[in-house]
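Worksheet: the structure to be examined is printed underneath.
Labels run A, B and C following the written order; every chain starts at residue 1.
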Amino acid sequence: MTDPDLLVIGGGPAGIAAAVRAADAGASVMLVEMRPALGGAFHRRPIEGVEPWPIGREGERRWARLDEGLVRTGIVPRLRTAFLGLDGAGAALLEDRVAGRVEACHPRAIILATGALESVRPRPGWHRPGVVTAGGLQVMMKETGRIPEGRILLAGSGPLLIALAGQLTARGRPPVAVVEAADPFTEMVAGLGLLAHPRHLAEAAVHLGRLALARVPWRRATVLEAITPKGDAFEVRLRDRRGRRTTLEVDHVALHDGIRPNDHGLPAANETPGAGPIVVSAGDGREVLGVVAAEIDGERAADRALALIDGRPEATRDHLRRLARERHAQAVLARVFAPARPLDPLETLPDDTVLCRCEGRTVGDLKVLFTGADTPAGREIKLTGRFAMGLCQGRFCAHWVAEASARLGPDAPAPRPRDLTGDRWPARPVPIAALAAVPDAPKR
Amino acid sequence: MTASTFLFRGAAVPFRPGETIAAALTAAGLRTFGLDPAGRETRYFCGIGACQACLVRVDGVLVEACLTPARADGRVEPAEDRHDRS
Amino acid sequence: MVIVGAGIVGVSTAYFLKRAGVSVRLVEARAPAAAATGAADGAVSVASKRPGPMMATATAGIRLYRELTAEGVLDGLFFTRSTFLVAVDDAEAEVLATHAAALAASGVSVERLTNERLRALAPSLSADVRAAAEVREEGHAIGYEIVRRLIARAGLAVERGVRVDALVADPRTGRVTGLDTGAGRIEAEAVVIAAGGGSADLLGLSGVLRARRGQLLVTERAPALNAGLPGAIMSARYLLSKASAPGAAPAASARGYGLVIDPLRTGQFLVGGTRENDAARPDTDAEAVAHILRDALRLVPGLASVRLLRTFAGLRTAVVDGLPLVGAVPGRAGLHVATGFEGDGICLGPLMGRSIARLLLGEDPGVDLAPFDPARFREGRAAA
């Protein structure tokens, strides 16, 4: 394997835009993607013989441009290749899942474009089979064109719930309801900010129009409190703004409480030449600004990386101006989707509520750590409580454990999620046979 | 429908070219893909290989069903630890 | 009394002092078990110790774990199991035979196993293993769990994030009377330094202590394979790496490899490791990890289909002559030290904590601390 100038991790809009931009500037580029196809969350490609998911004419134009860029530059993405992180010697570790081996690669710069990860807040029953993330449901729909049989409930908070509900409805499978913790209609003043972002407003209008036509209830200022199995289905308990509780029977629950950068186990940014490879992050993996911003930020990151390794000029002003606009749109959305009432603190959930899905560690298990004279700090909570120690390495519990710990031990410094997850490679579990194939490096 | 199938717990599961194991098992009506080595039910959750909840065993090794394309005539087993150690 | 350092040694010292009714403050620059204690393999083992004081002390260390477990203090945290020394070639078989004899001679329960018996006991082991010895009555304990338990049992509140800047001494007598810390001055009747690598600056021992890195790996759960290993598997090559075989010189190269495969109670495996001089940071690299894994696959081929979950490293504090530093600091009344256990801190920590506590209480420490006496590094004296 020849070491490229630039290694780009992630084949979504940010990664592709970065790879194309760098290749156009003459750099040698390697683009890796963990899934069997490029695209990322928004441009996810369907499997053979399935119609692409409708993403609007503008979306299709953007994808065509990215695809054309790859063809023009001759970049052949390495699919089914996972980035395991940077090791202590500065090697970028790539797991080639087709060949079943790990390679140590020494690029001059790395662009991390790993997209976003959904936040899903723990609730009683959230770990049950049949409960998925809204994004997970969307992946399945976009790739296969199929929607699982039965009654679907979408719950949590954020614009994705409305978008997904609109898409389900357009396919003739409207959800039973959309349960939204915020009350966007009361945030009129904040909502006016969206007038400056007609693209977002138009998208919301289309989805909400569909929901209204199909009479899908949008239950605002309402939270999903608990999910209980009932035969092959679930009984879910909802609580509205006045504290009134109702139950619904559904077959599938899709949860979503916002998104955040998918930066777990990834190396920190490094803009110091000579101190290992340059590391620049891009797109939602750096800051969640959405699909349009991802492409802009990918180009910005490529410019930045090339400036750092070769001293090439950067054209940052236009990029930064366009990013600022997307940042404003996201800030408006965040205000519109702020919870109508404070959410229940995690430590007030029933003791048997699962926090760590991998190891089944519960709220009660966490509270036990805070009963003695001594208040444990972040890493001790991890080690002695066995939180964030399972196979997902804390991706789905570290934030919540940190949040609850800060309240349980108010006299101690609040733990950070990173104190719980640590920052060692491998960023994901890797087969020993594949890793054992890394040869002793010739002395560099 | 295509004729491609893989074996899961000895039963043929149909899939379309390019489909992941998770998509095929879900389409076959499975909500859980068996137990994991810790004895918990495996299940589809995040869809992007982050949560490690949908593990299945292919060629003896655990893989994320949501990331791994189904293979014609392949064998997929639950993740529970019963692999051949010879 | 004030103890500096909340690793297993400092916490054990505090625990035994509190148990004797002494009021104790435990100050820690970061958090309990934040350094070597939290990055250890958990071996409570004599199997790899050099004959002599380390072998004798390790045996006493295991005995104390057993006592504390019987008393309920370490209930559910310390587990007895054997260590299997294994050899895959003639050179290793020779080291193994010599070492097993040395262990037996110092009273350790050790038995050479026939291949047939080995296969029956440890079906997950490779057929390449041609010689093995079972060292019985060994144990496993996870450092950070022991620390957490002892803190809770003693009702200690660790003073976290307190950096000790200097010792305070009476200008007339030289007696240590306290500490200057980032959180102000702390008066003390007696001070115990159990601060691992941080001890060097406080004691002026920078030429005596050195950091030695160990890289370790943890796999996902593989209960069936795990059940096929009845105890820790230690390659006879480890003895060479650790320079604990009789006559072996301390490793001169920057990086030594030794192999221990420990089947954890969770169904996971802990696999280690390296011994590296002059490593500045506790990080891990793919080259070392792949090397360790190739060695591990040779002994337990079934690991090939298991996934690696975590890598981590610790900087162990070693003393240049290979023996720990335990006891009163010469010329500094009121000051004791206990550090430099390198990779043996988990095994020896509780015992050394109890010994220091007893010294402070004016009692017989109960073990021979003479070989570990800090006085051997007094100016003008050669290293022992």
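The working rule: a residue touches a chain if its C-beta (ideal position, glycine included) is under 8 Å from a C-beta of that chain, and two chains touch if they have at least 3 such contacts.
As the structure is a prediction and not an experimental result, all values here were calculated from the model.
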Of A-C and B-C, whichever chain pair has more C-beta contact pairs: A-C
Centrality ranking, top chain (CA atoms only): A
Chain A and chain B: spacing of chain centres that average the CA atoms, whole Å: 23
Cα-centroid distance, chain A relative to chain C, in whole angstrom: 41
CA centroid of chain B to CA centroid of chain C, Å: 42
Where chain B touches two or more other chains at once, by residue number: 38, 61-62
Chain A, residues touching no fewer than two other chains: 391, 429, 431, 433
Chain C: positions in contact with at least two other chains: 220, 305, 307
Parts of chain C lying in touch with chain A, wherever the complex brings them together: 31-34, 38, 144-145, 148, 151-152, 155-158, 160-161, 219-220, 281, 283-287, 289-291, 293-294, 296-297, 303-313
Chain B-facing residues of chain A, complex: 34-37, 41, 47-50, 80, 82, 97, 117-118, 128-133, 135-140, 143-144, 146, 148-149, 262, 264, 357-360, 390-392, 395-396, 428-429, 431, 433
Sites on chain A touched by chain C in the complex: 87-89, 91, 93, 102, 104, 372-374, 376-380, 383-384, 391, 393, 412-413, 422, 424-426, 429-433, 435-441
List of chain B residues in touch with chain C within their complex: 36-38, 59-62, 81-83, 85
Chain A-touching residues of chain B, taken from the complex the two chains share: 16-20, 22-23, 26-27, 29, 31-32, 38, 40-53, 55, 61-62, 66-69
